[in-house]
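So, here's a batch of structures to check.
What follows is a pair of complexes built around chain A, which joins chain B in one and chain C in the other.
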Partner chain A sequence: MAIQYWRRRDRYYRLVGSRCKDCGDEFFPPVYKCKGCGSEHVADKEMPRTGRIVTYTQLHEPLPGFEAQAPLYLAVVKLDNGARVLTQIVDSPDDSVRTGAKVEATVRRMRVDGESGQIIYGYKFVVRS
Partner chain B sequence: MKSRAYVSSVGLVPVGDHWEKSIVDLAVEAARGALKGSGKRKPDQIIVGNMFSAVGAKQEQLGALVASALGLAGTPAYKVEAACSSGGTAFNVAYNLVRSGAIDSALVIGVEKMRDLEPEEISGALAMAESAEYTQFVGASFAALNGLLARYYMEQLNVTRDELSAIPVIDHANAVTAAHAQFRKAITPEVVGRSAMIADPLRLFDCAPVGDGAAAALIVNDSAASGSKRRMAEVLGGRVATNEFSIFEREDMLDFKSSREAFKGAMSQAGLVQKRLSLIEIHDAFSVVGALSLEAMGFSKRGQGSKDAKAGKYARGGELPINTFGGLKARGHPVGGTGMYQIAEAYLQLTDQAGKNQVEGAEYAATQNIGGVDTTSAVHVFGRAA
Partner chain C sequence: MHLMQSKNRAAILGYGAYVPYYRLPTTEIARVWKGGGSGPNVEKAVAAADEDTVTMAIEAARQAMKMAGTESVGAVFVGTESKPYAVKPTSTIVAQALGQHHTLAADLEFACKAGTEAMQVITGLVGSGMIEAGIAIGMDTAQGRPGDDLEYTAASGGAAYVIGRKDRSAVALIDCSTSYVSDTGDFWRRAHERYPRHLSRFTGEPAYFHHIESSVKTLFEETGHKPSDFKYAVFHQPNPRFPVEVATRLGFTMEQIKTGLLNPMIGNTYAGSSPIGLAAVLDEARPGDKILMASFGSGAGSDAFCIEVLEGITRTRGVNPTVKSMLERSTKIDYSTYSKFRDKLQK
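Presenting the complex of A and B:
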């Protein structure tokens, strides 16, 4: 199933989202149609790599493949352009993971896929003081 | 030609750990309950609501499988899937077919086999309701999304831990006397607040349990209903609606738009105003989801869902009883089956067959069934048949 993730490598490694050519709204994940004005004139665009935590949780019961990372922090992050990303927060002291905290994107190992052991990489965010 | 639609009978399997029963055993048991007494008359269609039989039982083509097992091979039969709202959505398909005049009757079964899976496999199966590419990919389980929502709700609208516990407490109180409920034990807010942390701030007792189950109903039109001596409930309205797929894509995470729209649509079809409802079965897969549902459907003001529950508004003797047999938290939540449990429960209330859980003089009841985090909602409104 690794091809399912390889297909999205630009999004997972470089945070490629969408920009609406008509109204300028930006989105991540990418959209087929602008959620702001309804235009279908949308193009790929790299998102800013910094933003703030809107809400977060510490998950104690991980999904299959994520056991070694538990408990893990997940957050909704509002990027500096207004786009919202669901992401893990890593390499950050417990007391720094707070609503409003400033965070920055990084690339990390997500998990190891299937019996072939292919490593899947993607974005995670780190708290920046 | 438009027809009236009625639920003429229901069948329920108690929710729980059915180690000895397969997904087909469960579906057949519920279906037999609903078909009992219908004589030689066969349903025109069989519609099965189910979320993850492919993963939970390595089984697809459930419609034909169940039809054949019931000795009804030949009958049009198929599965409807909309995550945890599969049951309610399957019923909505049947309701629209009967109401439109396309068919005279349908057997609707909601079923889920969860317990054959290991706990982490169940988390993986439930997560399939959310985006493979942007939610499962980052390691966010379904509970994690609800944890994100719960923290946002509590921080933005000043809701306390004790208030959040109020809906699970109501569910457990109602389940004590409910024969088909999974957990028939009363709890206190302290029990909820001290239970194991799952997805901070959500604890074990904020979350609906895992269980196997099936519930079924026979839905019929005027001609199929005439001459029957059965006690019936009329289906007065029903609507399915959807929201932006993922919570993080939404302008306002706390606005449960699909529940709001589905409820508004179903009530307007029924020609009823809110205060006529005698009870409602709500989809509280997590405590916070119950609170936001009550707010979206207009029973509580924004931020007041849990607070109103704590003040007694939604208890069995309150202004609007909710989850009269225990709701998702205590009756249980066999995901694709849940919507049909709610509908069967509304039927029992409106035909005075609710036993110790009877809401006295119940005239109108509603059911609200959600898939995802308010991503799909199926709402139905029922009345006592004249």
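Presenting the complex of A and C:
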């Protein structure tokens, strides 16, 4: 199993990021040190599961393991707390995938890990009109 | 007495359903395998290439916990016959995604009635006082062998229920239930086999009808209830015909079953079938309404429930997407896309 994936599973399943205890800034992915005030007093924080598309593209030649999902949308999503996430957009009509569209997080299969066959799950987003 | 009733009253505190976005018209299956025509249902719900029982269970469970307003549960039970792993629980992945660690977690298996079995077990755990609340999920990505009759109906979807002690915010009281089982070989899948097999003429009379009629009649005999006491009835839905037929035999009307009858639109979601029918009913039910739900699982058995809707149902409106909205938010796919999504192509 990908050890890195196992260690990060709360990030992938629940969008667990960081919140600075001193200035209140929130970050995703998690940080050890606040990027705003430099404080090391940061704690785990579940991010909001909704946001808006900032920018997007459509891939017709995706990475190995994603062939069955081609063509697929990749987008930068700004969560409701301002944190940004690079993510796949799924289950959404082509004309709904646009800058500014409201999206909501979902958990999906990302890929199957090599010969071990372990399934890697993670977050993707769906357009919510 | 065969009636199961918890001493501490247990109730549904929240529920959530999940129906995938994609629909395969059965005319597509008939076109490929028969040269035309259609199946008994209009369409079936198809999980996307990146969906499985784990991902769908997480979505339904999240909704159920949101509606219940609970942050911790003492049990996460997933009833399914389409576990992504033969060995490795579906339920621990779901529990991790829900942020639950101090909890029982198990996958229950009983073909199409594993979801209602999870509801009964959690009702018992809550009723005994062992746990405050638990989540029961019935979810499947059912598979039919290409070209087999089952392929028309084998579909994806299901529902989750947070069951806890009855309080003023509770959605519906799980008043009592009965179960009836026997060794009946109507449908099975041996280890390492990809698709289930069925004995066509055994699936009806000695399996579906005998077991559902037995569980429901026992419930009637031991509670004194009769069909007219119920505003709604939900029966397991392997196809559009069987639930209508069993309802008629037991004395229910079309008016009582139409709200929860989803097979024509989404097919048979196996362990999710009766739980998602119940969710569709709860979306429309009012306080005081009584609901009869009877599942059926091959192999074989049936659980029959008497459920009474409580005042708390009024606070649930708008909290989660309704089953009806999930049926509407969909897009049609052809047989080729379905084959790609459900991994039916050899590369």
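The rule is short, and it goes like this: the second predicted complex is superposed on the first by the 128 of 129 C-alpha atoms of A that agree within 3 Å, B and C clash if a C-alpha of one lies under 4 Å from a C-alpha of the other, contacts with A are read in each partner's own complex, and residues count from 1 in each chain.
Please note the rule applied: a contact is a pair of C-beta atoms (placed from the backbone, for glycine too) under 8 Å apart; a residue touches a chain by one contact, two chains touch by 3 or more.
Values in this document were obtained by computation on a predicted structure and should not be read as measured data.
**Student:** Clash or fit: what happens to chain B and chain C when chain A is overlaid?
**Tutor:** fit
**Student:** Quick check for you: in the superposed arrangement, does A:Y13 touch first (chain B), second (chain C), both or neither?
**Tutor:** A:Y13 contacts chain C only, not chain B.
**Student:** Who contacts more of chain A, chain B or chain C?
**Tutor:** After superposing on chain A, more of chain A is contacted by B.
**Student:** Once both structures are overlaid, what angle do chain B and chain C make about chain A, taking C-alpha centres and a multiple of 10 degrees?
**Tutor:** 150
**Student:** Between chain B and chain C, whom does A:S39 touch in the aligned arrangement: first, second, both, or neither?
**Tutor:** So A:S39 meets neither chain B nor chain C here.
**Student:** On the A-aligned overlay, A:M110 touches which partner chain: chain B = first, chain C = second, or both, or neither?
**Tutor:** After superposing on A, A:M110 lies in contact with both chain B and chain C.
**Student:** So in the superposed three-chain picture, is A:V85 touching just chain B, just chain C, both, or none of them (first/second/both/neither)?
**Tutor:** In the superposed model, A:V85 contacts chain B only, not chain C.
**Student:** Quick check on the superposed pair: does A:L74 touch chain B, chain C, both, or neither? Answer first, second, both or neither.
**Tutor:** In the superposed model, A:L74 contacts chain B only, not chain C.
**Student:** Closest Cα approach between chain B and chain C after superposing, in Å?
**Tutor:** It is 12 Å, taken between the nearest C-alpha atoms.
**Student:** Touching chain B in one complex and chain C in the other: list those residues of chain A.
**Tutor:** 69, 110, 124
**Student:** For chain C, which residues count as touching chain A in their complex?
**Tutor:** Interface residues on the chain C side: 20-22, 48-52, 54-55, 58-59, 84-85, 93, 96-97, 99, 331, 340-341, 343.
**Student:** With touch defined as at the start, can you tell me which chain A residues reach chain C in the complex?
**Tutor:** 9-10, 13-14, 46, 68-69, 90-91, 93, 106-110, 119, 121, 124
**Student:** Report the residues of chain A in contact with chain B in the complex, numbered from low to high.
**Tutor:** Checking each residue of chain A against chain B gives 4-5, 8, 11-12, 29, 35, 54-67, 69, 72, 74-76, 84-88, 99, 110-111, 122-124.
**Student:** Note which residues of chain B are touching chain A in the complex, please.
**Tutor:** 119-121, 123-124, 127, 131-141, 143-144, 147-152, 155, 196-202, 244, 246-249, 253
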